[in-house]
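Here chain A shows up in two complexes: once beside chain B, once beside chain C.
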Partner chain A sequence: MKEIHHLRRMTTVWVIASVIVDLLFWFLVGPHVPPGRMTNMASSDQFDFNILFVIAIPVLIGVWIYLGYTIVVWSAKRGGPEPVGGEAARTNRTAQVAWIAITSVVVLFLAGFGTVELMVNNGSGGGEGPNPVWSPAGAAKAETAALAGTGTWSPNSGQVLPVQVIGQQWKFTYRYPTFGGFETSQLILPDNTTIAFNVTSLDVTHSFWAYQLGVKADANPLINDVAYTATTQRGEFVVRCSELCGIWHGAMYNYGHVVSPQAFMTWAQQTEAANAANTKLLPAFAWTYVPDANGAAGGYYPDGTVTPYSRAEVYGAKQPVS
Partner chain B sequence: MSTVQEPPGGLASDHVDPIRPPLTQRPGLFSQHLGTAIIGAVLGYALGHWMGNAIASHYPYIANSGQNAIADALGLILGVAGWLLGIGALNYPLAKLAGRQPEAEVEVEGWSKYFRYSTNHKTVGLQYVVGVLLFMFTGGLLAMAIRTELLSPTTHVFSPDTYIKIVSEHGTVMMMMATSIVVGPLGNYLVPLMIGSRRMAFPRIEAFSFWVFVAGYMVIFSALPYGGFPTGWTGYAPLQTQAGPGMVSYLFGFAVIGMGMMAAGFNIAVTIINYRAPGMTWSRVPIFVWSILATAALLTLATPTLFAAGVFGLLDRTVQTAFYVTEHGGSSYLWENLFWFFGHPEVYIMALPGFGIAGEILPVFTRKPLFAYKVGAAGMIGVSLLSFFVWQHHLFQSGINPDMRPLFMLTTELISIPTGFIYLVGMGTMYKAKIRFDIPMLFVMALYFNFLIGGVTGVFLSDVPVNVTVHGGFFVLAHFHYTIMGGLLFAFMAGLYYWLPKMTGRMMNKRLGLWHFWTMFIFFNLTFFPMFIIGLLGQPRRVFTYAKNLQGLNDFSSVSAFLLGLSFLIFFANLVWSLYIKPVKAPANPWDSLGLEWQTVTPVPAHNFDRIPVVLSDPYHYSEENAPAVADLGPASPPEEPTLSGVTA
Partner chain C sequence: MSIRGRFATVAVLFLVAVGLIVWSVAAFLTPGTPGGVVNFTDTQAAGQPVDLTVQTVGAIGSGAHPTWVSYLVKNPHTGSWIQDTTWELPAHRLIHMTVLQYDTGGPLRNQEWGQVQGTIGSTASLNGQPYSVYDSNAGNGVGHTFSVPGLNINVPLVGVSSSAQVCGAGPCATSSPHNTITFSFTTPGPGNYHWQCFVPCGLGYLFGNGGPMATQNYMGGFLDVVR
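Coming up: the complex of A and B.
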């Protein structure tokens, strides 16, 4: 009986199927893969996902074809020749070396690719903690000025806009240090602008997930977790908490908007003016805040006349009114 | 050197002290069994709770909060101690402490032995089968509740409070179950048989690990009457610190389960290293035993971290330490690091035994030798080692160590190389085979299908940029259900269908088995595959509500989950049918396996082998002309000289 070239058959089907599925994916599905292209980080996350998927497809299809072929051709029910045992069936140096070599090359490529993407994209929108190792030009300057209360931002200036995200059970609020440090529950961002999110928490660990912006950073009490993104499209985006933070974790979401730089400027200035009286009552802008008295774990914010929280430096200064 | 083995009959006392005679076994109702264990637990709990109230109820922070965590913790601690005293787990060490000659544990005949402190590894294995199935059943019911709530984003079956506690309980129970699901039942039952031993190295430790495992089950369920805990199975601080008294059950529950895991781990490792029969060299050890050895190493080395983490949390709650309280000098990152330092090796504790089962079953049903055996064994050891270097990939967005991210991305992706070896072994073994698609083989095929999806999506998660989108969402949820349930649980089912005939002497019903397999395989994929899409579309984990446009996918997933639950009912029905209602006696070797465990008679005698076998070859010489015998079991024939090289002690 003529020897059937099983591997050649499978390889042919595998190559054809992989190329077709990869092309279909790349051109039809890829451009629509979350998180979309609303920011540079979102675009790079989408690009990375698509590259990984294009590499994953041949792996998946290869194993599936092999398993399918096994079921159809090498089933005991179909008869066929008896299998051969012995040493030849136990090892095949070529197959083993090739397998290890190919998987190693793929894995090392993926690790290298991921690392380059992570560095080139300034942390890819992930929380980098209080001392980011990869940051966009101008970010450090803007952050330093923001903390000192001397930060400025104007449309089309190319300046980085620092925004503080404060997670608390069960909502996010936002402070804009370049506009007097007002606090609001609305997240409005200007288009074509690099944003430095400074994420912290007043109680338990939350995670700030601005889905379409390609940003995710855990909000920890007493930690400033910094993540960058640069807006490229206008529109609405959703913010969800993606770290379990208690009973109402599921309801901890809101919507933000990327608007034109001029519209943002107008909104920011109006909100700063409208909130001026409230802003005076807030603690001075700081990267982190300590809840008074019993602290994060205690879960209550005493001294109801002023503020629910205070700067880390003045922890202990205000005690609950009994 | 040859292996030292005890004579048949198990743990005979070394000698009898003439001055202090051994304690005598009390007969009948007055002996120790599950009943006395329950009485011990209740009395212990009552005593502990009373002590806690007497000691601490006047402390200001307890009086003000109305929560006496000290009483809760002491109640549970003494409850577990009472449980262990009641079952007889402490008889031996206490007698030794008192300077008396401890009595030997005597195996009781009949079904009641399963409710006692048995040091027979086969009894413990079957106890574990029931134990893990009980865990799985209760965890599964909770999963049904979760999917019921997620049928609608706006109409709620449970309050958010109840829902999050159901989610937390489900995750914790399932994780606890999954750590022991193979090592407990199959590891304890089969490892001595596979390596030609009459017993485990430390039979009392083995029994201890089981009864502690059951105690852990009760402790984690004690969270429910305490009001549950809201932290998920990951128990992150500060939410942990903020939570109510149910958190005590979580923290202490993990510590208790941890004790059982450590005990089981080093017992099995010592057994495999020291109790191999003559001729059972490392290159002849069955691949399943390799997987259990790699798992035992992880159980022994990773679990102490979990134990310590749980105890620290307990101390934070009871005596006001501040390990995890940031504003008092502790750190919530400490919990995250400790938890995942255990938690990631844990993931492989739940994967490796599945690979071992697949490797063991494949040659039997393909009628071919195991391909690339050494690569497979090396892969398991490689996974085991690497698994200690990947834990921070759970914390990519946490704000810790951004400069370490490329390293943890690399180590995490590297682990797919040794994991890939398992596919090389499987696909190589299937090559040009003549496969019998019996039920165990079907489950193994399903494992290869499911775990591939789980593994490939794991690479997406390990890529830091992609992780930004998929971390903390349903994508992760789908990923780990594909690896743990799609991998380990399918392997466990393969193992049960394959080895239950040996363990029980009964064949499982094939028709029901096929129904079980196909429903489980189809509805597993229909339940969890949509979750990848749900996650990519932005649904975070552990939420009771979600975007309206995701309702279709969620409903699809829920309905599939109910049908998946039904498939488990078919399995339980099959168990009852095949073991009790219409039992069919199993042939001595129903699958024509060469495995040493199948060479003993069924039911396996108490001492396993009349004579310690001399192992002559590995058990994978299928379809080989003039294949050597696997072992010399005969009482008279002396071992052949050449095979004794490398005999172990």
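Coming up: the complex of A and C.
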């Protein structure tokens, strides 16, 4: 009687099924996997997710094939002998070692892959804290100029645009230091531009999550959390707070827009002019503001100051080397 | 005890625990505040502007939290003041809003809320005088704001002088010192739009944003916009 090579059978089916499903996923589903391709970080996130799927799908299919094969081929037949004991029921050391080796390689590869993606994508859109380890070219220069009040930006100049995100219960507001430091409830960004988000809070911890931009950074009081992205597509995106921050946390969201560089310039200049009277009353642009507390004993500002929202310690984005 | 008895005991204890949790959460979210929705949809003929009048008081003076600051709304049908912050408004309609501000003020945590936004003409009127920005570090400061984040509406409500004989408990009569702030805005399509005060006026609570700032029917609510 010809010996049946069960493992060879399963492996053949597994390879064919994995290749087919992976290819179908990559070409049909992959381009639609969130967060889309609105920025370079979003595209990178989508690529990373697709890689994870392509690796996970063969694992899933392998487990399913093994289970299915076991049920169909190795299940006990009515009236047949009990399928226990004997050579076939002994531990298969080869299978054990192969399973541990393969899964270890997969996990270690993904750890390395994730680390590389984090590095080459300047933090992959995540908040890097006040002194980013990975920054895009020109970011430090733009951030330093913004803090000094000398920053400029013009369409198609290739300059990094710093935008400050201020969380407060329960709304995000945005300051544009290269346009006089005006503050607004609207988040408008130019297309084809690298954005340096500087995220902070005036009260509790919030989290700035613009998922179509591939950006997510905690908003902590007295901390400047820097995250980078570069816009590549125009359209609407949603900003949500992703840190439970109180009773109206669920209402803490707004919509932003990526528009053409020229349209952004027009909007920024018009808003700067329209808000000029209030901008003069705002504190000078800074990475963080004090005081951040309202004492438990009452009173708006426990330190007695009448300047409730003022420039705090100046630190944050990595300064230029020279 | 038998298996069946043990099972019954555990099941009863589980149900009691779940009931207590549900009751606690419900009690926390509605701590003795009146419920309901104030309906403004039938106060005017179709297409006509709707008048909405509210007042802000330094202390509500009654209920579970008599010392808490609160909004009150004038019932459009009876003219009485009620503590309810969910207002049903018709969609795509001009709303003329009047705020009688009886509370004192101070500097804003974020002067961004000192700017009038989202109203018709981006202005409001303070005792008959138009304004679009109010410096909260000057004068009597800002007592509260009426802000609808989803509609980008914000109006700073200028405080009354703390040296005046401030109304001690709501509802306040117009004989008490107050500021009258008026403005107009247009409602969008149907939906629920959260509104709130952006002055951290929940004194005694963390960052001033607990207590009345975090309780429905005090310093926040909803515009329930319907067809």
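Rule of thumb we're sticking to: the second predicted complex is superposed on the first by the 268 of 322 C-alpha atoms of A that agree within 3 Å, B and C clash if a C-alpha of one lies under 4 Å from a C-alpha of the other, contacts with A are read in each partner's own complex, and residues count from 1 in each chain.
Convention: a contact is a pair of C-beta atoms (placed from the backbone, for glycine too) under 8 Å apart; a residue touches a chain by one contact, two chains touch by 3 or more.
What you see is a predicted model; the values in this text were computed from it and never measured.
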First, second, both or neither for A:Lys171, with chain B first and chain C second: second
Touching partner for A:Trp153 - first (chain B), second (chain C), both, neither: neither
Chain B versus chain C as contact partner of A:Asn278, first or second or both or neither: second
First (chain B), second (chain C), both or neither touched by A:Gly80: first
First (chain B), second (chain C), both or neither touched by A:Leu202: second
Which superposed partner A:Gly246 touches (first chain B, second chain C, both, neither): both
Touching partner for A:Phe264 - first (chain B), second (chain C), both, neither: neither
Chain touching more of chain A, residue-wise (chain B, chain C): B
Common ground on chain A, meaning residues reached by chain C in one complex and by chain B in the other: 203-204, 246-248, 251, 296-297, 299
Complex interface listing, chain A residues touching chain C: 166, 168-171, 173, 183-186, 202-204, 246-248, 251-252, 254, 274-275, 277-278, 281-283, 292-294, 296-301, 306-309
Residues of chain B defined as touching chain A within the complex: 160-161, 163-164, 230-232, 234, 236-239, 241-242, 325-328, 332-333, 366-375, 396-403, 405-406, 409-410, 413-414, 416-417, 420-421, 423-424, 427-428, 430-437, 445, 448-449, 452-453, 456, 459-460, 462-469, 471-473, 536-538, 540-547, 620-625, 627
Touching residues on chain C, where the partner in the complex is chain A: 106-112, 114-115, 117, 122, 132-133, 135-137, 147, 149-150, 152, 154, 194, 196, 198-200, 203-210, 213-215, 220
Complex interface listing, chain A residues touching chain B: 6, 33-35, 41, 44-45, 48-49, 52-53, 56, 59-60, 63-64, 66-67, 70-71, 74-77, 80-86, 89-92, 95-96, 99-100, 103-104, 107, 110-111, 114-115, 117-119, 121, 123-134, 199, 203-205, 207, 209, 211, 214-218, 220-223, 225, 238, 240-251, 290-291, 295-297, 299, 315
